[in-house]
Amino acid sequence: MIDFLVVGAHPDDESVVTGLLLKAKKEGKKTGLICFTKGEAGGFATKEDRVRELKNAAELLELDYFKHLDHPDAGVEYGIEAVEELVPLLREASPQVVLTIHPDDYHPDHVAVSKTVDRAVFVAGLKKHSSDDKTWHPKQVLYFSLDPRTNSQRPDMIIDISDVYEKKLEVVGCHQSQGIAQFVELSAKQMGMLGGFEYGEGLYIRQPFRLSDINALLSQNKIGR
Amino acid sequence: MIDFLVVGAHPDDESVVTGLLLKAKKEGKKTGLICFTKGEAGGFATKEDRVRELKNAAELLELDYFKHLDHPDAGVEYGIEAVEELVPLLREASPQVVLTIHPDDYHPDHVAVSKTVDRAVFVAGLKKHSSDDKTWHPKQVLYFSLDPRTNSQRPDMIIDISDVYEKKLEVVGCHQSQGIAQFVELSAKQMGMLGGFEYGEGLYIRQPFRLSDINALLSQNKIGR
Amino acid sequence: MIDFLVVGAHPDDESVVTGLLLKAKKEGKKTGLICFTKGEAGGFATKEDRVRELKNAAELLELDYFKHLDHPDAGVEYGIEAVEELVPLLREASPQVVLTIHPDDYHPDHVAVSKTVDRAVFVAGLKKHSSDDKTWHPKQVLYFSLDPRTNSQRPDMIIDISDVYEKKLEVVGCHQSQGIAQFVELSAKQMGMLGGFEYGEGLYIRQPFRLSDINALLSQNKIGR
Amino acid sequence: MIDFLVVGAHPDDESVVTGLLLKAKKEGKKTGLICFTKGEAGGFATKEDRVRELKNAAELLELDYFKHLDHPDAGVEYGIEAVEELVPLLREASPQVVLTIHPDDYHPDHVAVSKTVDRAVFVAGLKKHSSDDKTWHPKQVLYFSLDPRTNSQRPDMIIDISDVYEKKLEVVGCHQSQGIAQFVELSAKQMGMLGGFEYGEGLYIRQPFRLSDINALLSQNKIGR
Amino acid sequence: MIDFLVVGAHPDDESVVTGLLLKAKKEGKKTGLICFTKGEAGGFATKEDRVRELKNAAELLELDYFKHLDHPDAGVEYGIEAVEELVPLLREASPQVVLTIHPDDYHPDHVAVSKTVDRAVFVAGLKKHSSDDKTWHPKQVLYFSLDPRTNSQRPDMIIDISDVYEKKLEVVGCHQSQGIAQFVELSAKQMGMLGGFEYGEGLYIRQPFRLSDINALLSQNKIGR
Amino acid sequence: MIDFLVVGAHPDDESVVTGLLLKAKKEGKKTGLICFTKGEAGGFATKEDRVRELKNAAELLELDYFKHLDHPDAGVEYGIEAVEELVPLLREASPQVVLTIHPDDYHPDHVAVSKTVDRAVFVAGLKKHSSDDKTWHPKQVLYFSLDPRTNSQRPDMIIDISDVYEKKLEVVGCHQSQGIAQFVELSAKQMGMLGGFEYGEGLYIRQPFRLSDINALLSQNKIGR
C-alpha cells in the first residue's frame, strides 16, 4: 500500500509537489506517481526525451509505484474510459493520500485529469473493485495548481519543504527540456513566504481536511517576518 | 509559553473546541483560555452562576492559562481599547496556536471578539510589547463557529475528537444553565460525519494552514462509509 | 401536471426531501419522482432489494408520477443520451417545481444527474417537445445535497418539516438495507437548528428564488432560541 | 406588532422595496419604516423638502409604524450609540420580518445602517429589552441593495410586484427632488426579467431563508420566455 | 490577423458585445465572429430566417472574419470534436482578443460553447497547429453573459458604448424575429448605470486582465451621479 | 488635479504600485501619495529614518502631490475622525484614479486605511466639500495587496511594468531599513508570470472596471509561454 500517490497530466507536473514526495521518503513512507501523457505536444522535446526525463526524476524520487500512461498530450478526455483505466491502478496502489491537479487549472488536460481522478477515487472504493471484498477510501484527496491564471484562489495549505529543497532542485532538473527551473524556484519562494517558511509547496483543500494528530498544528513556521 | 490558546466571548463558547483542548493535554501540551464576558445577558442564569460554571470547566480542562474578562455581555465593542487589554495577555501567554471565533458568526459579541483577536495578535507581535525585545508570532491562527446561521461555509478542517468525546461531554456539562448538551452532541456527530470520524470538531482556515510534518496527512479517518 | 418533481440518482436519494414531498401531499398537491439507477453498486443489497425498497417508499409517499430508470450505478454518464431520455419524462410530468441534486455533491452519479437535469429542463421547454406547440418552464428549479463533503456551502433555504417528521421516518425506513436512519435524523435536526424549526430540510437556490405570495415570508420559525 | 419593517438610511431608500410594502398592505398586513437620516447632504433638496417627501410617501404606503431619525446624512456611525437608539424601536415595532440594506452597498451610510440593524436585532431580542420578560426574534432578516456597484452579487430572491407596480410609481414619485424615476423603472424591469415576472424587486438572503408553507414555491412566474 | 473575435452559440448572441465590435471598427481594428448554431430550435423563426438575420448583422458590423457553423441548436456538445472544428478557425483568425460566453450562463449551448472555446484556445496555441512553427496566444480572453439567471455575479468590467449606441440598435435590429430590442436597451442602460456611462456593455474577467497602457485607467465615466 | 493618487498606511506601502506611478510620469501624468503613518512601530528603524526614506522615494517618483500624515503606526483607527482628515486632501488632489490597500490585507492598519479611503472618497464627492459647488468622483478606485496571507484571491488585473522595472528598484531601494528588495523582486516576477509580462504589478477590482478606450484590451503580453 502506497502512502502518497501523485496523479499528474504531463511529465514535470509532479514538480510542484516533489518536495512533499521527498519528505515522505525521508519519513520512511511509500510514494507513487501516475502520469497520464507523455508530453509530446509541447514542442520543446520529443516524446522519448520526456519519457526519459520523467524516468530519471522517478528514480531520484525513489518511487514505490510508477505508471506512465499514454493519453494524447493536449487531448486528454474526461469520461468513463479514462476512469476505467485509472480505477484498477488506484486499487493496486491503494494510497492513503491522493494528490492531483486542481480542476480550475489552465491547461485542458489538467482539468480532465482532475475530474477523472475525483470520479475514479469514488468508483475504485466500491467492494467490487477489491480483491478481498473490501471498500477502500483514501484518508485525504488534496490538489495542487500548476498554472494559477484561471484559478483565482491561493492554496489553502503550505508544506514546509525547506529541508528537501536542494534535493527537489535536483529532481526537477531532470526535466531539462522544459526550462522550468526559474518557475520552480519562484513558486517555492512565493509559497514559502505565504507559509512563513524558507521554501514551500501549496495544496488546496476541497473536502474538509482531516486531522487526528494535533501536534501537526505546531508547525515550524513563523507568521510574519 | 502556552501551546493552544482559545479566545471566546462567553462562558461556554469554548465548548466547540473542548475536544481539541483535551487532546492537547493528553499530548502533554499547555492550554489556555481567555473569555471576554461573564455571560450575564442571556437570561438563563446569573453572572455568578456563569462564572462558576466556566471555572468548573476550566478546572476539568486543567488549563495552564485562564483569564475571565468582564466586557458587557451583548455589548462587546471592537476597538483600540479592547485590543490594548488583550495585547499584554497574548504576550504573557505567547501561544503557539490561537483559536478564536470566525468573524461571520451570528452573535455581535462573536464578531467583535474575532476582530479584536486578529488585530491584537498583530500588535502583540511587535518588539515593543516584549520583555526581551523580540517579536512574537503564533504558528497558526484558526477559527471556530458557534452559530453558522450567518456563516454560509462549512469548516475547512475536522479534528478527530473520538478519543476524548466522553471527557468533552463532562466538561461541557459544567455549563448546566445553558442547556447546550444536545447542540454539542449534534455538532460533534455532524463534524465527525464530515471528517469520517466518530466525533469531530470543525475549524476554519483563513490564513494558509502551515504544515511541517507530513505525517499529519495520514489521519485516522475513512472517507466515505 | 405534477406540482413537485424530485430527480435523484439512487434509491434513497429522495430521503433528504421526503418531508417536502409529504407536505405537498398534505396540501393536496401532486408529487413525482424519477430515479436514475437501481443502486446495485453499493454492496449492501441486491438490485432487486433496492428496487423493492424504493417501490415501498414511493407507495408511502403516494406519488402521482414515478419512473425508475436503469442507468448503471456508479456509472451515470452526463451527455446527450441521458438528456434525451429525460426530456420526454419531464414533458410528461410537466412539474411546476423541479428538485434535484446539487452539482457539487460528492458522488459522481450525483454530479451527472444534476447536470443532466439542468440541461434537460432547458431542452424540454422547447415547443418541439410539446404535444400542443407550447413552451414549458418550471417555476423553480431547486437543489438538495446528499453528501456535503465536497460542497462547502450550507443550504440557502430551510423547509419546516416538523409536522411530517414522523411520517418521513416511516418512508425513509423503507430503505432498510442502507442504514441511513441515523444520518436522516441528524440531518433533520441540524437543518432544523439552522432554520429555527424542530426538524428541517435544506434546499439550495441557484437561480433567483421567485416569490409571488409574500405571506411566505411569515414562516413559523423563531430565529435564535 | 408589525409584520414587515423596513430600515433605511435616507428618504427614498425604501423605494426598492415599496412594492413589497404595498403587497403587504393588500394582504392586510401591518408595515413600518425607520429612516436613519433626513437626507440633507445630497445637494438636490433641503432637509425640509426631503422630510416632507418621505412623509408623503409614508402616507401613500399607509404605514402602521414610522420613525424618521436624525442621524447626519453622509455621517451615520456604526457603534453602540446607534444600536442603543434602534433597540427600543425594534422592540416597540416587534416586526416579524426585518428588511434592511445589504452591507456591501456603496454608500457608507448604507454600510453603517446595515451593521447597526444586524446588531440591534440581536440585542433587542434579549429578555431585558422586553416589557414582559420575553425574548423576541424576527422570522426573517432580509436585505436589499440600492447601489450594486460594490456588491458583485445579484439578489437571491425576486418578489413579483407586477400587481402593485402602478401604485409603486406613485409612491416613489413623492421623492420629486431625487430624480429616481428612471432608476426605479429600470430596476423593476431588470428584477422582473431575472424572476420571470413583469416587474420585480430583489432581496438578498444572508441567513437561511425559512419556509413553512411550501405553496410559496408555486410562484406565478415563468422561467425563460 | 483579427483584433477582436467573438464566439457565440446562436445568431443574436453577439448582441451583447455589438457595441464593442462597432467601437473596434471605429478605431480601425479588424473584427470577427464565429457562431456555432443556426438557431433553428427557438420556434420564433426558420433556420433560413435566422441565417439571413445574422448575415445582415454581420454586414452592418463590417466583420473581417465570419463563420456560421451548423451545430444543432439546443444540442451543442462539448468535446474533442467541437474543439477540433474550432482550432483551425482560431488559428486562421489568430485574434488578439477572444470574447465568448461565460460558462455560468443559463442555456446549455452557452455552457458548451464556453468550454469549447477555452479548450480550443489552448490547443490552437500549440506550434503544430501553425503554418510557421510558431505558438499563438491571444492577449486576453474575456466573457459575456446573455442570461444571468444562473450567474450570480455581475460583470467585472463595463465598456462605454455611448458613442456607438444608435448604430448598435440598428445592428441588433437585424434579428427581427427574436424580439430582443427591449432586452438590449434594458441591458445597455443597466450596464451604463454600473459603469457611470450612458450606455454600457459588461465583460467578465476570468484570467487576470492584462494592461500595458495605463491611460486606459483614465476612462470617461463618472462614478456616482 | 492629480491623475493617479496612492493612499497607503506606511512608508514603503507604495512599493507595490511604484511601477504604475513611474509609468504615469512617463506618460506626462500627475501622481500623488498620501501616507497615513510614519512607520515607527516596526522596530527596524527610527521614525526619522522612515520619514527620510519616504521623502527620498517621493523625490525619485517626482510626485505632484505628497502628504505624510502622522497616525500612530500599528494604531490607525477607522472612524469619522480619520475620514474627516482625509476628505479635504482628496478634494485638494481631486485624483482621477485612487489606488489604496485591499481591505482583506493582513496588517490592521491596512484594513483601517482601506475602509477610511472608501468612505472618504464618497464623502469628499459631496458638493459641500467643493470650492465651486461641484460634486467630484474619481473614475476608478482600485486596490493593491501588500500581504496576501489573509487575502485568498489573486489580483484581477496585471499592469505591465517591464519598461520601468529598473527605475522601480531604485525607488524601492530608498526604504533601506526595511529589507524589502527580495520581496519586491519576487512579487514583480510572480505578477509578471500571471500577466504574461516580464515584470508586473497586481491590482484588485472591487467596483466594475470602467473602460472607454478599447485599445487597452490589446495589451503587450503573451498568454502562456
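Read from first to last, the chains carry the letters A, B, C, D, E and F; within each, the first residue is number 1.
Basically, a contact is a pair of C-beta atoms (placed from the backbone, for glycine too) under 8 Å apart; a residue touches a chain by one contact, two chains touch by 3 or more.
Because the structure is a prediction, the values reported are computed rather than measured.
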Seminar exercise, completed: chain D and chain F share contacts with B, E
Problem set entry | Steps needed, at minimum, to go from chain C to chain F via contacts | 2
Seminar exercise, completed: B-C, A-F or C-E checked against D-F; over half of contact pairs coincide for C-E
Seminar exercise, completed: Per the C-alpha centroid definition, the whole-Å distance linking chain B and chain D comes out as 36
Exercise. Where the centres are mean C-alpha positions, what is the separation of chain E from chain F, in Å?
Worked result: 34
Exercise. Which chain B residues touch at least two other chains?
Worked result: 122, 135, 149, 154, 156, 194, 207-208, 223
For this session: Check the chains against each other and report every pair that touches.
Result: A-B, A-C, A-E, A-F, B-C, B-D, B-F, C-D, C-E, D-E, D-F, E-F
Seminar exercise, completed: So, in the complex, the side of chain A touching chain C is made of residues 79-80, 118-119, 122-123, 126-128, 135, 206-208
Exercise. Within the complex, which stretch of chain F touches chain A?
Worked result: 148-149, 152-154, 156, 183, 186, 189-190, 193-194, 223
For this session: Could you please specify the touching residues of chain B with respect to chain D in the complex?
Result: 41-43, 74-75, 77, 106-108, 149-150
Seminar exercise, completed: Counting only contacts in the complex, chain F reaches chain E at residues 3-4, 20, 23-24, 27, 29, 96-97, 122, 125, 135, 137-142, 154-160, 194-197, 202, 205, 207-224
